[in-house]
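One structure follows; several queries about it will come next.
Lettered A, B, C and D in written order, each chain numbered from 1.
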Amino acid sequence: MKINEVILQSIAKLVVFIILTLALYLFFSGHNAPGGGFIAGLVLASAIILLFLAFDMETVLKGIPLDFKMIAALGVFLAVSTGVGSILFDVPFLTHTIVAYDLPLLGMIELSTVTLFEAGVALTVVGVVITIILTISEDV
Amino acid sequence: METLIIILAGILVTVSTYLMLSKNLIRIILGMSLLTHASHLLLMAMGGFKGNVPIIGDQAGEFIDALPQALILTSIVISFGVTSFILVLAYRNYETFKIDNLDKLWGIKDE
Amino acid sequence: MITVSYAIFFPFIVAALIPILYKRLSKLHIGWIVMTVPALLFIYLARYIPHITNGKTVTNTVYWIPSYDLNLTTHLDGLSLIFGLIITGIGTLVVLYSIYYLSKEESLKHFYIYLLLFMGGMLGVVFVDHMMLFYLFWEVTSISSFLLIAFWYQRKGSRYGAKKALLITISGGLAMLIGFLMIHASTGTFSIREVIVNVGIFREHQLFIPAMIMILLGAFTKSAQFPFHIWLPSAMEAPTPISAYLHSATMVKAGIYLVARFSPIFGGDLVWFWLVSGIGLLTLLWGAFCAIRQTDLKALLAYSTVSQLGLIMSLFGVGSISFNQELISAALYTQAIFAGLFHLINHSTFKGALFMVVGIVDYQLGTRDIRRLGGLMSFMPISFTVALIGSFSMAGLPPFNGFLSKEMFFTAMLKISELDLFSLDTWGILFPVIAWIASVFTFVYSLIIVIKTFLGEQSESLDKPTHEAPKGMLVAPVILALFVVGIFFFPNIVGDYLIYPAMLSIFSSVFAGEHLTHTISAWHGFNTELFMTIGIVILGTVIFLLLRYFKYVYKLFPEKWSFDALFHHGLEGLERISNKITSFYMTGNLKHYLSYIYLSIVIFIGGNLVYRGAFTFNFTDDANIHLFSWFLVAVIIVAAVMLIFVKKRLPAILLNGFIGYSVSMFYVLFRAPDLALTQIVVETASTALFLLCFYFLSEWKQDKKAFPFSIKNLIISVSVGVTVVLVALSVKSEKLFETISTYYENALELAGSRNIVNTILGDFRAFDTMLEVVVLCIAGLGVYSLVKIRKRKGAENLED
Amino acid sequence: MNNIIVLPLVIPILTGILLVFLHRHVKTQRWISIIATILNIVISFIILQKIHVEGILKLDFGGWAAPYGITFVADSFAVLLVLTANFVTALCLIYAMFSIGEKREKLFFYPFVHLLVAGVNGSFLTGDLFNLFVCFEVMLLASYALITHGGTRIQLRESIKYIVINVLSSSLFVIAIAYLYGSIGTLNLAHLSARIAESGQTPLLTAISLLFLIVFSIKSGLLLYQWLPGSYSAPPTAIAALFGALLTKVGVYALFRTFSLLFYHEPAVTHNLIGIMAAITLIGGSIGAIAYKNIRHIVAYNVVIAIGFILIGLAVSTQSAIEGSIYYLIHDMIIKALLFLLAGTMITLTRTSRFDQVSGLIRNYPVLGWLFFIAMLSLTGIPPFSGFIGKILVGYGAVETGHFLLLALGFISSLFVLYSLLRIFMNSFWGETMISEDQEAPLKKGLIIPCLILALATIALGVGAESIATYVSDAANTLLNPDIYIDAVLNK
């Protein structure tokens, strides 16, 4: 292995870590500040793409043994399910609710269905972007 | 400001139309992407720049109406999906027919 | 008691059962079962005769689509009864005949299903009172006729004849349908009887004449009137029982029925009079004239049918004058309609018989070509006799029923020529003259049928028949021939029991019964009519003897100028022109299709702006322009224009990305951070995709003329751009309402979030976002399947 | 709570997603597809009944009242179309199972179909203009995926035109929404309608409405149908049938909705223009239908003719004309699916799409032949098949209002329909049989059964028109009286 590559890969690892943190931040800040599921998803995707660039694709895929198409589908499922949930509770489709738990040690935890919804969005975005990139780059 | 944006959008529409009438698929796709930008700019301008603050608690200046912002966002995402699909389609086309002149492509017979 | 409404369904029900019966009773000729249908119906209808003769009618209704007042209302009166009896009576005989005519090797199942469909349809036509239902059954007859003509669908002639018949009759049917719609629009009802009641209002309506013409188009096409007659000779490709039944006795008379039925509505009007009688006479003349030149016996009979239908039609036209309110002696002219009904019955008998005989000849010798036939009298005496009776009746000679109705026809024509109405004082003389000339021709072709077929010498190329046709096959024509003779001797039975009630049902709105009786008698003394007949016999015989020379006349009417050829070439020409026009604008070139769209934007919207003066403009309300905005705008414009001139792929893609980023700068400028973020990330991703897809592909060919500058495209582009701008500026200047956005300012209270845009996306309009995610997912899967589903050698073949 | 009216959209989405996970299990996919579609048919029927009892149903998503949130509105018009769309989809799916090939089935064919249906149903039901755009996009992307699905050469080539033109129209749609939002300041259809009624339809609004007209005309194939014949000839039969039956109808629906609910104040401009466009469409479709010997083209031009005919109803806009259009719309979805399936079957069996290269098929495939015959009659509008009621009601509306040119064109076009199909029938099915019985390709039952059911449907709809008459008249009534709609959405 060439020295250059080692350096590149080390840097990549670092950058990916930073990007992942950013993605997480963006995801949760969407509530009150710019951000949200979509952007977080795209940022997350770009982190993974960076990994592809730094390492070769196969290594990365070994490390993350996921079928990204399925991730995308899962995301849609999650997003739609939050809506279907409301049907079960007999409130209008896609009515969001906030559940607050007072957990020991962690204090108040707010769990909103919006978050679930946004998570679905983010997952779809990651899944789709990676699927497209992977499909094309495998083909070219 | 609105007038300026509208004229800008108009110019983008003009360029996009010109590109879409060309015989090269990539230029057509570029034209489509310009048209999307133009439509977003129009949405923005139509909403006006005296809208409400996008982030509550933020101060000052001119803002885009919040609802068009949401619409533009949705539209951006959708056009991203469409663009990526048509890009891949174009790629498959070049690969299959090895032609980048559409006028020639339409002339190809099947079977 | 089964009502008439249900009786109509009887043939349809049996038709549905035929496939099963056909399988079960494979040993029996299915025709025997089929024959019971018309026979039973005939008896059923005949039982109504005493009832109807008293001037009573029977009406009942089966509900179908009450919401649109579409119900099967049947009305049994004298007029419909005549037709009903002909349909079922001749129907029985034809089925009987067909049992011998069609061997069991033929596709009998289909034949009888079509026949029963036809029978049901025809009964429907004559019994329903509702115009839409009338149309329904009318089309049933057209379609079953189509199927029957093409019974031997392997033959090209059959297909051609069927196609022609279908196109013409369906077109006429559509015209008639429009006429019915017009009637409904002016009178508010689809019931024929109700229209007759309100006819006074309808006559004042502006749609009166259009509706009349449309309905007449239906009648003329169905009854093969000039110039729509061309389908009837081609329809002779059908098996002979069908020609006898549909194309001479029943279906072609549906048009006559239509005219008779609507006479109380339109009768007495100038247009109606001239159209019906004029077209009728023209058809009479032209049909008879054309019949003489035919060499195929069936074609000859077809033209003769055309001619005879014209005769009946003209009688109904002439008789319609008796509905005219200004006429004092109107009742005199009811005689014409009486004659028409009488001839209608007579024609069904003698023409049916003739067709069946021709069928027998064809069956025995395998040809119907007059030039090859001859001398059959000695082998087929019974057929000969029937042919003789039929022909002479058609020629109008005694002692056959045709003589009686022909004389009455002359009477009517003579009478009308003396009338002083509708400019008949000038043109009226044409009526008897044309009638007489046409009758001479009729005489000639009637002679041709008998003499050329049964007398003289037979061509040597044909095997001589050794014996007469099978007995069963002769039963039906003989019965009909007996009717031909019987009616001559006892005409008033028909007159009193059938025609009089029919006259009542036509004229009940105008006259009392006493004006409608007419006694039919064979002898009226030496009057004009008789001399006309004598003249016909003399001149007709002369022409027949000089036929060889007479045929030179036809050189004046070459085949390629015939209406037949016109129709044929018209269709072909239509296809050719359609192909040319369509290929002209359907180039398959995306560029052209896009220009159509752009042009319609410019024309529709731009046109509307200019024409309606919708353009307004003021920019006093505009927000201030930042210096940075000016710069951004300039940059974007430069980049966009450069995009047009860039000749390489990579810079083009990068320029596009650059424009995207610049646009996102606007979002930054206007404090739309979410938008800006998204736009930047998306732009990055799509530029990456662009590069991924195209960077590795070969570069654009360095052709200097790769993208020639096009003024035409530039004009289109600029006009589209200008249109978009003009509308946008007007909208900006003419805001009609405040936006609903203010509501979302309370996002914090409403949804507990400070980021309004994200709240709209995630909560207020979360549904959009949900679907947007679906769109993305489809795009991803689509890309995947697009790339992965390639045809590889040896792979499973996909259906293309 | 009217959550039930979102189910026609949610069920297909969830099914589609579920089938993505199951894409390797072809048999499971088939069963789930069918069950889900049938479920959807049942649900639409229940909704229809519910509307009949309770009037228009609406559902504000997330509980955000109109006009601020997104609202689904189910009136008889929309739900009748949803019902028909799902019915047709079920049959196309059955056909596809026997014809599309396992390779396509494993590559998300079923998910795409379900998502397409979700988009279609969403477009029918939504009461929000921008959401209509989004639903369109769901439908369109699924259609892009389907039209290219399989990646044969003709598919790759023709789909470019389809996609580029649709992308253009989508952008125009966004621009049109931008204009309308700028002017009226809202997106909810009912709210828009109420506001336009309040301010009056200014010339500028009319100009904007014309942009909508162009956008929907592209989608529905009114006047701007040039993309249609090529695109509909490219994909496999089942997909083409689905497209022919559903996609253009969504555009037609949108035209009816916008020009009866929003822009109905200036019929002298808009509705007359629609009339002119319908007339040109009828002419273009008619001559196109007899111009070629290629069955696929003939069938595609028949789609165009029907669009022109349905739009006569909107141009005329009387109660009976609108009712007629609705009948005809339902009829056309069924019969076009049938026609596409039959034509596709013929082409698969004979391996040629030119009708003059085949003859005598009826001897080998009598059922196919007679089904084609029935389809031909039904398309021509011969009673008692389903085309009849629609035809006379539209015709009646035209007579009432004196639109005789449209009437004539509409009726003459049905002669062209007849002739174009008659040519196929007489040349391909009649004539000397060319294939001997042992040479003939077997006709799978799975292919003919959906056709049979569709043929039965066209007969049933024609004979039993009474059964949907109340729904249709209710639908037309709502279309002609926007206040009913507005009231149901904003004031309930």
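Operating definition for what follows: a contact is a pair of C-beta atoms (placed from the backbone, for glycine too) under 8 Å apart; a residue touches a chain by one contact, two chains touch by 3 or more.
Model, not experiment: these values are computed from the prediction.
K.L.:
If you tally contacting C-beta pairs, which pair wins, B-C or A-D?
P.N.:
Of B-C and A-D, it is B-C that has more C-beta pairs in contact.
K.L.:
Averaged over CA atoms, how far is the centre of subunit B from the centre of subunit C? Could you give it in whole Å?
P.N.:
Roughly 50 Å separates the two chain centres.
K.L.:
Mind checking the centre-to-centre distance between subunit A and subunit D? Centres are C-alpha means, answer in whole Å.
P.N.:
38
K.L.:
Let me have the rounded angstrom distance from the C-alpha centre of subunit B over to the C-alpha centre of subunit D, please.
P.N.:
A distance of 28 Å separates the two centres.
K.L.:
Going by the contact rule already set, what residues in subunit A reach two or more other chains?
P.N.:
Residue numbers touching two or more other chains: 32-34, 38, 69, 73, 76, 80, 83, 93-94, 96, 128, 132, 135-136.
K.L.:
For subunit B, which residues are shared contacts with two or more other chains?
P.N.:
Residues 20, 28, 38, 40, 42, 45-48, 55, 67, 73-74, 77-78, 81-82, 84-85, 88-92, 102, 106 of subunit B each touch two or more of the other chains.
K.L.:
Would you give the residues of subunit D that are in contact with at least 2 other chains, written as numbers and ranges?
P.N.:
Where subunit D meets two or more other chains at a single residue, that happens at 13, 17, 20, 61-62, 130, 134, 137, 141, 144-145, 148, 151, 154, 160, 164, 168, 172, 175, 178-179, 181-182, 187.
K.L.:
Quick one: label the inter-chain contact graph as line, ring, star, complete or other.
P.N.:
Shape of the chain contacts: complete, all pairs touching.
K.L.:
Enumerate the contact residues on subunit C facing subunit A in the complex.
P.N.:
Of all residues in subunit C, those touching subunit A are 673-674, 677-678, 681-682, 684-685, 688-689, 692-693, 696, 751-755, 758, 761-763, 766-767, 769-770, 773-774, 776-777, 779-781, 783-784, 787-788.
K.L.:
Taking the touch rule as given, give the residues of subunit A at its contact with subunit B in the complex, in rising order.
P.N.:
32-34, 38, 128, 132, 135-136
K.L.:
For the complex, give me every residue of subunit D touching subunit C.
P.N.:
These residues of subunit D touch subunit C: 13, 17, 20, 61-62, 64, 67-70, 99-104, 107-108, 111-112, 115, 118, 122, 130-131, 134-135, 137-138, 141-142, 144-145, 148-152, 154, 160-161, 164-165, 168-169, 172, 175, 178-179, 181-187, 191, 195, 199, 202-208, 210-211, 213-214, 217-218, 223-224, 226-227, 229-230, 236-237, 269, 273, 284, 287-288, 290-292, 348, 360, 362, 377, 380, 382-384, 388-389, 392-393, 395-396, 399-400, 407-408, 411-412, 414-415, 418-419, 422, 426, 430-433, 463, 465-466, 469-470, 473.
K.L.:
Which of the residues in subunit D end up touching subunit A in this complex?
P.N.:
1, 3, 6, 10, 13-14, 17, 20-21, 59-63
K.L.:
Can you list the residues on subunit B that touch subunit C in the complex?
P.N.:
1-15, 17-24, 26-28, 30, 33-34, 37-38, 40-42, 44-58, 61-67, 69-70, 72-74, 76-78, 80-85, 87-92, 94-95, 100, 102-103, 106
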